[in-house]
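Labels run A, B and C following the written order; every chain starts at residue 1.
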Amino acid sequence: MMDWLLSLLELVVFVLLAPLFSAWVKRVKCWLQNRRSPSLLQPYRDLRRLFSKQVIMAEIASPVFRVTPYIIAGATLMAAAVVPFISVNLPTAAIADVIVLAGFFALARFFQALAGMDIGTAFGGMGSSREMTISALAEPAMLMAVFTLSMVASSTNLSIVIEHLMAQGLVLRPSLFFALLSLLLVGIAETGRIPVDNPATHLELTMIHEAMILEYSGRHLALIEWAVQLKLMIYAVLIANIFFPWGIATTDSMSAIAVGAGTLLVKLVLLGGVLAAGETLFAKMRLFRVSTFLVLALTLALIGLLSHIILEVG
Amino acid sequence: MTALYLTLLIPMCSSILLGIFGNRSWAAKFNLLATVAAFASSVWLALNVLNHGSLGGYTGQFRVDSFNVYLIALTAFVGATTAFFSLPYMAQEEANGRLSPGRMRLYHASYQGFLFTMQLAMSTNNLGVLWVAMEGATLATVLLVSLYRTPEAVEAAWKYFIVCGVGIALALFGTVLLYFAAAQVIPDPENALLWTVLSAHASSLQPAVMAIAFVFLLVGYGTKVGLVPMHTWLPDAHSEGPTPMSAVLSGLLLNVALYAIIRVKIITDAALASGTLHSPHMAGNLMMGFGIVSFTVAGLFLHRQRDIKRLFSYSSIEHMGLMTFAFGLGGPLATFGGLLHMTVHSLTKSAIFITVGHATHIAKTQSIDNIRGLIKTQPAVGWGLAIGTVAIAGFPPFGVFTSEFLLLSATMKSYPWLTVPLLTGLAVAFAGLFRHLHPMVYGDVPEGQQKVEANMFPVVVQLLLVLWLGIAIPGFLSHWFDQATFLITGSHLL
Amino acid sequence: MLEQLPLYQQLILTLAAMVLFTSFALLAQSRVIPMIRIFAWQGLIVAATTALVAYDSGKYDLYFSAILALLLKAMFVPWLLQRLVIRLGIDHDEHGAEHPVTVLMAGAALVIFCYYVAQPIEQFSSSITRNTIAISMSVVLLGVLMLVSRSKAVAEVVGFMSLENGLFFAAVAATHGMPMVVELGVAFDVLIAAVIFGVFFFHIRDSIQSLDVDQLNHLSEREE
C-alpha cells in the first residue's frame, strides 16, 4: 500500500514539475541568446489562464475532437506513471514495460492526428500528415534504441533495466552510447523541438505540432499544452535515469528518496541546459531533411543494437 | 643470391635514375639497356635455381623456387622485348607531338618502377610484401594510363585506380585475415606471413578463417587478373594507355596477380584439406567458377568491340579466365597446362600488342572499322597481326594450342560436362577475333596509307618461341614446369 | 563478457564502435569540408585505438604504428584533401549521395552481412579484440559503398581512404599489428596513393571542367 501511495505521490510531483522543466529550458535558451527570460512560473500562469477560459469549438466538430484532449492528457499521464522517476521500484513501473510506454505515446499521437483533421482546415490536415510522416520514422528508431537497452539488461521493464545497469557499475558500452544518441534525436523529434519543429512559432510553412492544435482553445488547449510539457519531461527523465542511473533511489527509505530527488533535479537541470544549447546552436531544418535526421537516429539505434551483438556478447 | 638482388636492383635504380634524367635523349636507350641487363641477371638466377634448387635470401624474406623463377625470367624477357619496341614507338609518339619530354620521363620511370614491383611481388616470400608490391604496380602504372591526358585516358586511369584500389584493398583484408589465422599457430609473429612458414603450418590453420581469407584474396587479386565481374578497368586501361604499357599489362601484370592467387590457394587447400566445415576443394571450385564466367563473358564481348586494343584486352580476360579455370581444376595435368598457358599467352599477347601498336600508327586510329589492308601497306605488320591472332586463337602448331589441349584433356577427365562450355567458348572467341581480323588484314587499302618505321624483331622472336613451345617443349623447360606442378599440386606429371 | 574486461579494453571496443559510427557519418555527410573533418576524426580514433592496443598487448612497436597513423591518416591526408578542395574551389558543392536514406539502409545491411560472415572466425581466437573483425570488415565495405554511391571525385577519395582506415583497424585490433615491413609498405603505398589522387583531381578537372566523375562515361560497352 505504501508503495502505491509513494508511486502516486511521485506521479503528482512529476506532473507538477513538467511545466517548470519547460520553463527552465526556455530560460537557459534566453540566457544563451542574450534575451530577457520570462519567469519560471510563466507556464503555470498560462495554464491557469487557459483553464479559466471558455472553450470555443467549431460547429462541425465531432465527438473525436472533443475527447481528444482528455485522451492525450490521459495517455501521457499513464506514460509518466510508467517511467521510474525518483525511485526504481514503483509498482506502476513494475506492471508496465517500455513497449507500453511507446504504446501510450502512439495512442496520444493517433488521436492528435485525427483531431487535427477533424475540423477540416488546411493547416490541421497538413500538420497531421507531417506528424504521421515523422512518427513513422521516429517510432521504429525509438523501439530499436529501446530494444538495445532491453538486450543489454535482458528485460523490457524499465525498473529492471535501471537496476541491472546500476548493479554492474561503470562499464563502457558502445551500444548504450549509440542508444543514448539515438534516443536524444528521437526525443527531439517527438517533442517537436528545434531542429525538427519549433514550439515557439506559428509559421505555417514549417509548423507541425502547432498546426494540429490550432483549433483548440480553453481547457482543451491547456490539457494539450500540459501533455506536451509532460512528454518532454518524460523523455528527459527517461534519458537521465537510464543512461545516468546513479543516485536513483533503490529503497523506499526517506534518505534514499531525498538523495534520488536531489540527483534527479541536478540531472534534469543539466539536461535542460544541453537541450537549450542544442536548440541555440542548430537552425531548424527543412521539412524534407527531417527524414534524413530520423534515419540517422534509426541508423544510430541500429549501430547500437549491432555493436551490442557484435562487440559485447561472447 | 647476387643474381636475385641484381634482378631487383637494376629496375629499381633505373627507375630512380630515369625519374631524374628520363627526359634526356639517351633515356630510351638506357631503358632498353636496363631491361636487357635485368633479363641477363634473371637468366643467371634461373640457371642458379636450375642447378641448386630453390633459393631463399635475406632471412627468408625472399624465395625463388621453380614456380616463380620462370615467371621472373619471363617478366624480364617480355620487359626487354617491349622496351626494344618502345624505343622507336615512343620516339614517334613524341615526334607526333602527343607527348612532351616531361611525360617521357614519367613514362620511363614508371616503366622501370612497374618492372621492379612485379619482380618484387614474385620473388618475395612475404605475403604482406607481395601485397605492397601489387599495390605498387598499380601506383606505378596509373599515371601511365593517363599519359596522353585525353578525357578518355583520364577516365580510364581513374577507373583503373579506383577499381584496382578497392580490389587490392580487399586483398589486404584477406592478408590480414591470413595473418590472423597464422598468428594463432605460428610462434614468431614476425614470420607468420612468410609463405614457406605458412605452407609448413598450413594444415593447422583454422579452416573457417582461411576460407573467408581466400575469398577476399581471390576477389582482390582477381580484380587485377581481370576476372569478370571485376574486369571493367582492364579494357579501358589497355585501350587508352600507350601501347608498350598495354603489352606489359596484358603480358605480365595479369600473370603476377594470378601467381599471387595460386600461392594463396596452395596454403588454403592444405588448410581446408582436413576441415569438415567447407569442401576441401572450395578454393579450386571458386577459381573454376570465376574462370569459366570470365572466359565466356569475354569471348562474347569480343564480338562487339570497335577498338582494336579493347578487342585484344578482352582476349586477355578470356585467357586469364582460362588459366584461372585451369589452376582451379587442380591436378598435375591441368596445372601443367595452366603454367604453359601463362607463358605462351604472355609471349603471344605482348607480341600482338606490339603489332597492334604499329598497326595503329599506320592507320592513325585505334578504330577497327578504319584499320584496313595492313598486309598490302606493310606486309610485316599485317602478317604479324594475322599470325599472332592465329596463335592466340589456339591453332596448332602454336603453343597456345598445346596448353589448351592439355587443359581440355584434364577437364575431360575430371568434369566431362565442362568441356562443352569450354569448346563452345573457344569457338565463340575464335569467331569474335576473326570477324574483326579479316578486314583489317586483307581489306581495301585506304588512300594515302603510309608505311611506318616498324620494329618487328621482338614479335618475330616471341612468336617463334611460341611456335617452338607448340612443337616441342625443351627438356629443361618441361622439367621446370614439372617442378612447379609438383610445388602446386604435390605430384609430378612427367 | 564485456563487464569482466578491464576498462581500457572496454574503451577499445567503444572506439571500435565509434569508428563504425564515423563510417556511417561519412555516408550521410554531403558537404565536403565536414566530410574531410569526419575522416580526420576517424583517423584519430584509429590512431588512439592503436595506442591503446599497444598498451594492452605490450607490443611497443605498435606505438610507432599509432604515430604513423596519426600523422598520415589524421593529419596529412585530411590536410592535403582540404587544401586541394579549397584550391579547386569546390568546397561549397553538393557532394552527397543521390539517395542518402537508401544508402544508409544499405550500410546497415552491410554491417549485418559482415557480422554473419565474421561469426565463424571469432570463435577461434582468444584475443580480446577478436570481435573487431566484423567491425573492421564493415568499415571496409562501407568505404566501398561510399565509393559507389558518390559521383564526386573528392568524396570517392574520402571513401577510399576510409576503406584504408578499416584495413588498418583490422590489422591493429584483430591481430595486434602486421609485421613491421608490411606496415611500412602499406603506409608508403597510402601516402603515394594520396598524392596521386591529388594529381588526378587536376587531370580530371582539366579534362572535363568539373570533378563530377559521373561525367567520365565515354568508355563503356554500351552501343552508341
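Criterion: a contact is a pair of C-beta atoms (placed from the backbone, for glycine too) under 8 Å apart; a residue touches a chain by one contact, two chains touch by 3 or more.
Note that the structure is predicted; figures quoted are calculated from it, not measured.
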Pieces of the assembly without chain C, by contact | A | B
Label of the chain whose CA centroid is most distant from the centroid of chain C = A
Most central chain, Cα average position | C
Looking across all chain pairs, point out the one with the most C-beta pairs in contact.
-> B-C
Find the geometric centre of each of chain A and chain B from their Cα atoms only, then give the gap between the two centres in Å, rounded to an integer.
-> 64
Distance in whole angstrom between the CA centres of chain B and chain C is 30
Could you please state the distance in Å, as a whole number, between where the Cα atoms of chain A are centred and where those of chain C are centred?
-> 36
Residue numbers in chain C touching two or more further chains are none
In the complex of these two chains, what residues of chain A are touching chain C?
-> 168-175, 177-178, 291-292, 295-296, 299-300, 302-303, 306-307, 309-314
Quick one: in the complex, what on chain B touches chain C?
-> 61, 126, 128-129, 131-132, 135-136, 139, 142-143, 146, 149-152, 154-159, 161-162, 165-166, 169-170, 172-173, 175-177, 179-181, 183-184, 189-193, 206, 208-209, 212, 235-236, 239-240, 277, 301, 304
Touching residues on chain C, where the partner in the complex is chain B = 117-118, 120-121, 124-125, 133, 136-137, 140, 143-144, 147, 153, 156, 160, 163-164, 166-167, 170-171, 174-176, 178-182, 185-186, 188-189, 192-193, 196-197, 199-200, 203-204, 206-208, 213, 216-219, 221, 223
Please name which positions on chain C make contact with chain A in the complex.
-> 1-3, 7, 10-11, 13-14, 16-18, 20-21, 24, 28, 100-101, 104-105, 107-108, 111-112, 115, 122-123, 131-132, 134-135
